[in-house]
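One structure, as structure tokens, below. Some questions next.
Here the chain labels run A, B and C in written order, and each chain numbers its own residues starting at 1.
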Amino acid sequence: MDKNVAVYLCRGCDIGGALDMDALKDVAADEYDIELCREHDCLCGDEGRSLIAQDVTDGVNSVVVAACSQRFMQDAFTFDSVLTTRVNLREQVVWTHEPNDEDTDMMAQDYLRMGIVRAQKANLPDPLQEEVDRTVMVVGGGVTGLTAAQDAAAAGHQVILIEKGDELGGWMKRWAKGIPHKAPYTDPQPVDVGDQIAAVRANEKITVHTGTSIEKISGGPGQFDVTLRGNGAEPIRVGAIVQATGWKPYDPGKLGHLGYGTSPDVITNVQMEEILASGAIVRPSDGQTPKRIAFIQCAGSRDQDHLPYCSGVCCRATIKQAMMVREMAPDSEAYVLYKDIRSPGQYEAFYQRAQEDTGIFFTKADVTGVQNGGKILKVEAEDTLLGGNIQLEADLVVLATGMVPRSADGELIRQYVDAKAVVAKGEGGAQLENAKVTVEELGYLEDAEILNLGYRQGPDLPVFKHGFPDSHFICFPYESRRTGIYPTGCLRAPQDAQSAQEDGSGGALKAIQALEVTARGEAVHPRWGDMSYPEFALQRCTQCKRCTEECPFGTINEDEKGTPQPNLTRCRRCGICMGACPERIISFKDYSPEIVGSMIKAVNIPDEFDEKPRLLGLICENDAYPALDASGLKRLKHSEWIRFVPVRCLGSVNTVWIADALSSGFDGIILIGCKSGDDYQCHFIKGSELMETRSGNVQEKLKQLALEEERVQIVQVPINEFERLPEIVNAFAEEIDDIGLNPFKGF
Amino acid sequence: MAEALLLKPDRRFVEDLVGAGGGDLKKCFQCATCSVVCGLSNGSSPFPRKEMIWAQWGLKDRLVSDPDIWLCHQCNDCSQRCPRGARPGDVLAAVRQKAIEHYAFPSVMGNWVNSVKAVPLMLVLIPALLIAGALLVRGPLEAAVGYVDPHGHEFYAHFFPHWLLIVFYSGLTLLTFGGLIVGLFRFWAGMKANDSALGRGGAVLGFVPSVIKAATAVFTHARFGKCTDQASRKTSHFLAFYGFLALFIVTSWAVVDLYLMPLIGVESLYPFNLMHPMKILANVGGILLIIGAARAILKRMNVPADGKHQSTSFDWIFVWLLLLVGVTGFITEVFRFSVDPEVVSAIHNVAYGFYFVHLVMVFGLLVYLPYSKFAHIWYRTVAMIYAEHTGRTQEGQSLVQVAGTTD
Amino acid sequence: MSGNGKRGRILVIGGGISGLTAAIEAAEAGADVILVEKEAFLGGRVARMNLYFPKMCPPTCGLEINLRRVKTNPRIRTLTLSTVQSISGDPGSYQATIQKAPRFVNSRCTICGDCVEVCPAERPDAFNQGLSETKAVYIPFESAYPARFVIDEDACQGADACGKCLEACGYGAIDLTMAPETEEVEVDSVIWATGWAPPDAGQFEGLGSGQYANVVNNVTMERLSAPNGPTGGKILRPSDGKGPESVAFVQCAGSRDENYFKHCSGVCCAASLKQARYIREQYPEADIFIFYIDIRAPGRLEDFFSATTEDEKLSLVKGKVANIIEDSSTGNLTVEAEDTLTGRRVAQTVDLVVLATGMIPNGIGDTQVEGGIALDEYGFIAMEQPKGYLAAGVAKRPVDVAACNRDATGVALKALHLSAE
């Protein structure tokens, strides 16, 4: 489809009064032979919009709207099958610079040039048309998985429920009572998982496979091909996956300091659940009913040597167990030794109810040890509320151990597998030695796979922290780094059964949503609705594997030669692969090394005698660009030398742009992105981090060109610090001014 | 830090305290609001937060030998502000009762004197029988030693002679008072042991100065005055306290006047006429006692319905005894001045009847003192002495910065 | 039904983080959503926060993504300045009456700000807890959505008396004749995401809120720390604008307290730890004290707790503050508590006191609901409701933002069920 570009200049919001509009028209007409270039006092108004709409019906298919920021008035400037390019003359130019000033006009003209170039080179993406299977697969048959399966089915989807064990129900099935889940939140309530299992079994939309694990999962969202192990069936096709593999208790074997292993009467809270479920409270050693039961909270939790986190449920679980003990053995007493009682929300009532029982005793205490005195166990603690250190005699000690997610660190397993391969080959000196060490260290990962994903980056979800495989747990809790696969329940975060069930629903929704969105050929989180996708010119590929390594979402596999094999429904459209590719063979219809490169080159670079430096700002459109808008709304001035180009993510910045910019005479380049590191704010997890590593190579390039390394800088600006943004830009401008102009100017 | 203490959680004792009015003690979650809002609490050993958790764990030994429970005058500021409705004020009251019972000697008395069930036995039957018994043996005794009561002609002496009154009451009171002394010594020892177990205590002020400071506080009601919540309680207590004191002095003087004065040749003025200073003191004291006791009773009857303050039999028995002693005392006095002792008539028997009741009430008050709530006059005083002795009440200790902060 | 995009009609009440998430997630799964928000912007409480714990990241980061999803999703209809008057009917066919308060600014607004230039009237800035002022015509905050000005009816002098904005606006965006409107909608299910409000801390005996200038609550503290707040993000104490050299955080102010609010809000501990970091960030030498009963930092918030308390000049005192006394000459405050682990009473004098007040549920507000909606004794919407009524986030139980998001997402799926039957 050949382009018919038209340019529309808005005079509204001070633009008309602050800029030389005729000069802008000349740029369009003279420099780019744009035949249709209109001005209007208010393009976003009905009149302005119909003006453009009319031209569109007359054949215009690529419109350049030079007005406000692309973040405003999207609806006003969206026309069917028309590529709209926004040029931000308002926030970035007239609101932040001197009106009727030569430099301000030059800036506006450069932005228009970039816009026109984009309008000429970019194309409307055609949606990815893939066959999408709408079946949801749920992995794990505990209460989380059961709920996910039920709720997905209730929304009209076929569901396949996979459970490794022989029966459904998970931990809850083995427990007599649970913590209360509704008002008045005062008494343990019977576990109703039995009914739930029956309902799932009876649901004709749900196919249950117990005693089954996963041999392999290939493909991507909408078209996962799953081979099950155990029931020998041929591959099943499913559209999305909810992983609800739950938790396992922290290994009490590591809790010798709390007496575990020294006496059979030192048990975990999970063992206690089983005793309570058995109907008779007897202690393991001699089958007698323990008269004094000590509950030690945070056993191996909130402990840097064990689990650094808090499982959030042990306090309430212990309260429940203590109540059940008092109910089943009224002569017995329960002593609860806690660090902090964590019974948030309405569960304050649960704690208080337990306190009111004269047979349940609470104190804050740091337990220093449990001594085995034969029949009697002696608990020693300090920092109690009773004044001084205490010893406490007990017939049974219950260690409140925490929850460990049943996850598998896909990336680590991949390292292990790769290392094993190297060792198997038995070649290469240092590399071989390292591989041997790795195999040694990671030996515990043998057969650790759960999902067995056929992803080059590893067979399971990458984990973020403490083994929880999420990626943005505050704002987007179910997001993982594998599109269409959603961790839920205690796999995602330690939580009680009710929250886990709610999690199951949440995970199921995300799975259903992924199907809907994928079927429309759109991107899922965070570039919702984006139709564009990367295209690979493989004939020019050198098999450097950077794209397969750097994609945060494991989109790309490799064939044996190392040629990338993209699975486009896995793609989040961030463009990190595009930024990584040294051969520039990866591009989107409306975003590519070529398009952005041309936009950069379109900037008019004054020669050195004008002493007007030019700076390039490659700016993340997720956080930094909105911040720039906010600073514009506040009319905060920034340097007139800079020219901003929004990028999908700093990770999508291809270093060739930097090289092009320097060779075309830019004096400095600033890359503005999101925070990286443990508390990263990058919406694509690794984008800004990857750019930092790449900038190493950039600095190399600068050295070769004998240029100062200060000419290329990366800064991280959170979206809320918009007031700092102009300061940063201005400081950079001054720094470059001090260094002096780019010697390559004019060549 | 002190040696690790072997905890002996005692649910029975927790339930005792619950039964004695500390019904909500288990609700406490140790926020220590109580220790801060208490106007009588102090910096080095604030209460009642620690007493609350000791009570929750049933640590009887610690509680009964804790001086701080006696530094509380139960203004109930703590109960008002308690976020959990645990009523620390009433819990401490229950602990005080248990402390008196614990130190009671013989211990059985502690349980009996304060139980409502035992009232007919302890406060009616036993005193009545003993008094009746005394009256029965009176004649034979006087005959045996050939004693002729010089006061025998007086109105009530005719019915119950002074010598018998003195022998009977002093004897029994001194007997139980001995038990009290034993209890107080055990209390003192307990306080010291408890403090050293917690790595606290140690003399800060000499014994005698401590006694003087404590006594001053007792007679001025200075500490009671710090109770912000129920200042009127101080007044009631003040009246009853000095009313009782006055009557005690008069009674003692009567003995002196009757039997010691004649020995030095001074003629006994007994029975005092209405204008005699002692009689005036007696009447004033009686009135104070009645007003004080009555006020206390009314106060307890009209507590707010928020359930943050409750009274127990331990409280009721004591305040009613005080009132009845006062009232019956006055009735008997009225008879004495309105009836002609010479003209024997049925009215005499009515008068003697009231006098008898009065004697029974006095018995309950004086003889049972070490075991009833009345014992607080001694335990609290001793605790206050100990508190001064160990520097608990020194102002300087009430405010410290958070440990390890730059100041 | 699956796949044809017909996932039913959902009314979401409340445009805070829970309502926003529920609305977006349901709409992207194919439902048609009406999102009703009583304020002039979406984002509710989180929009007023400086940073989220434990990542210390700005709420607007996630909001930007979510608002983009709202802007670009035709299935979501957003009604701001609107409340739901009444709901009747049955699951699958509820009739709701929505009351829309006038904004006095229409969709032609380009947020150019010419109206603000000329507006003579001022109003206390509710967004900043009244710590600053805006003109009668204002935009709640710089990245507010809808990106449109709004006129405060109470502050505006009206067309006759003033009307300057009418002349100033070049786009005919201002309409001072706008009147309240009501609209009837029919939906399959209703999601209550009504959220919470902070309590009036003035009622808390002994804590001096409203009495002493330098006793603030944790909500105000967020504004005092936010770059777009009244102090431009510089934490200064109200009495004299002095940077605090010592700050005390009073946990459970009015919470876990039968005299006020019995429930634990579950987030105040982490919130105070976060605010302690604000202080440390700006005042490396400041002494920080946190007085608490139990520190409640579940899950990986424990990392945040342990990392934050490594700070040598941050002291944790296990004991609730019962009294706060002001030195009227300096404005300094002495907080009194018992350190229950040492068994000693402490009195700490500080420059600034932050009361960690809890979250009081908004329940169902003034909405008339046929058959009623059961609340629990704390005012949270009870777990068991008719099939078509669903509560999300803090309307249901006091939880943090992460939990609101996870819950609201699950609730969104439950809301789809009715149309699938």
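Note that a contact is a pair of C-beta atoms (placed from the backbone, for glycine too) under 8 Å apart; a residue touches a chain by one contact, two chains touch by 3 or more.
These figures come from a predicted structure and were not determined experimentally.
Averaging Cα atoms per chain gives one point for each, and the point farthest from that of chain C is the centre of B. Among the chains, the centre nearest to the mean of all shown protein C-alpha atoms is found for C.
Centroids built from CA atoms put chain C at 57 Å from chain B.
Between the CA-based centres of chain A and chain B the separation comes to 72 Å, rounded to the whole angstrom. Our note on geometry: chain A versus chain C, Cα centroid distance of 25 Å, whole angstroms.
For chain C, residues that reach two or more other chains under the stated contact definition are 256, 340, 343. Among the residues of chain B, those in touch with two or more other chains are 29-30, 50, 84. Counting only residues that touch two or more partner chains, chain A has 341, 364, 385, 387. Of all residues in chain B, only 1-7, 9, 11, 14-15, 18, 26-30, 50, 53-54, 56-57, 59, 84, 197-199 touch chain A in the complex they form.
Chain B meets chain C in the complex at residues 29-33, 35-37, 41-46, 49-50, 81-85, 398-406.
Per the touch definition, chain C reaches chain B in the complex via residues 205-206, 252, 256-259, 287, 289, 293, 313, 315, 317, 319-323, 336-340, 342-348. For chain A in complex with chain B, the residues that touch the partner chain are 292, 333, 335, 341, 351-352, 355-359, 361-364, 380, 382, 385-393. Interface residues of chain A, counted against chain C in their complex, comprise 12-14, 41-42, 44-45, 68, 72-75, 134, 151-152, 154-157, 181-185, 302, 304, 308-312, 340-349, 364, 383, 385, 387, 465-466, 468, 472-478, 493-495, 499, 502-506, 508-510, 512-513, 516-517, 519, 525-526, 528-529, 622-623, 626, 629-630, 633-634, 674-675, 679, 681, 683, 718-724.
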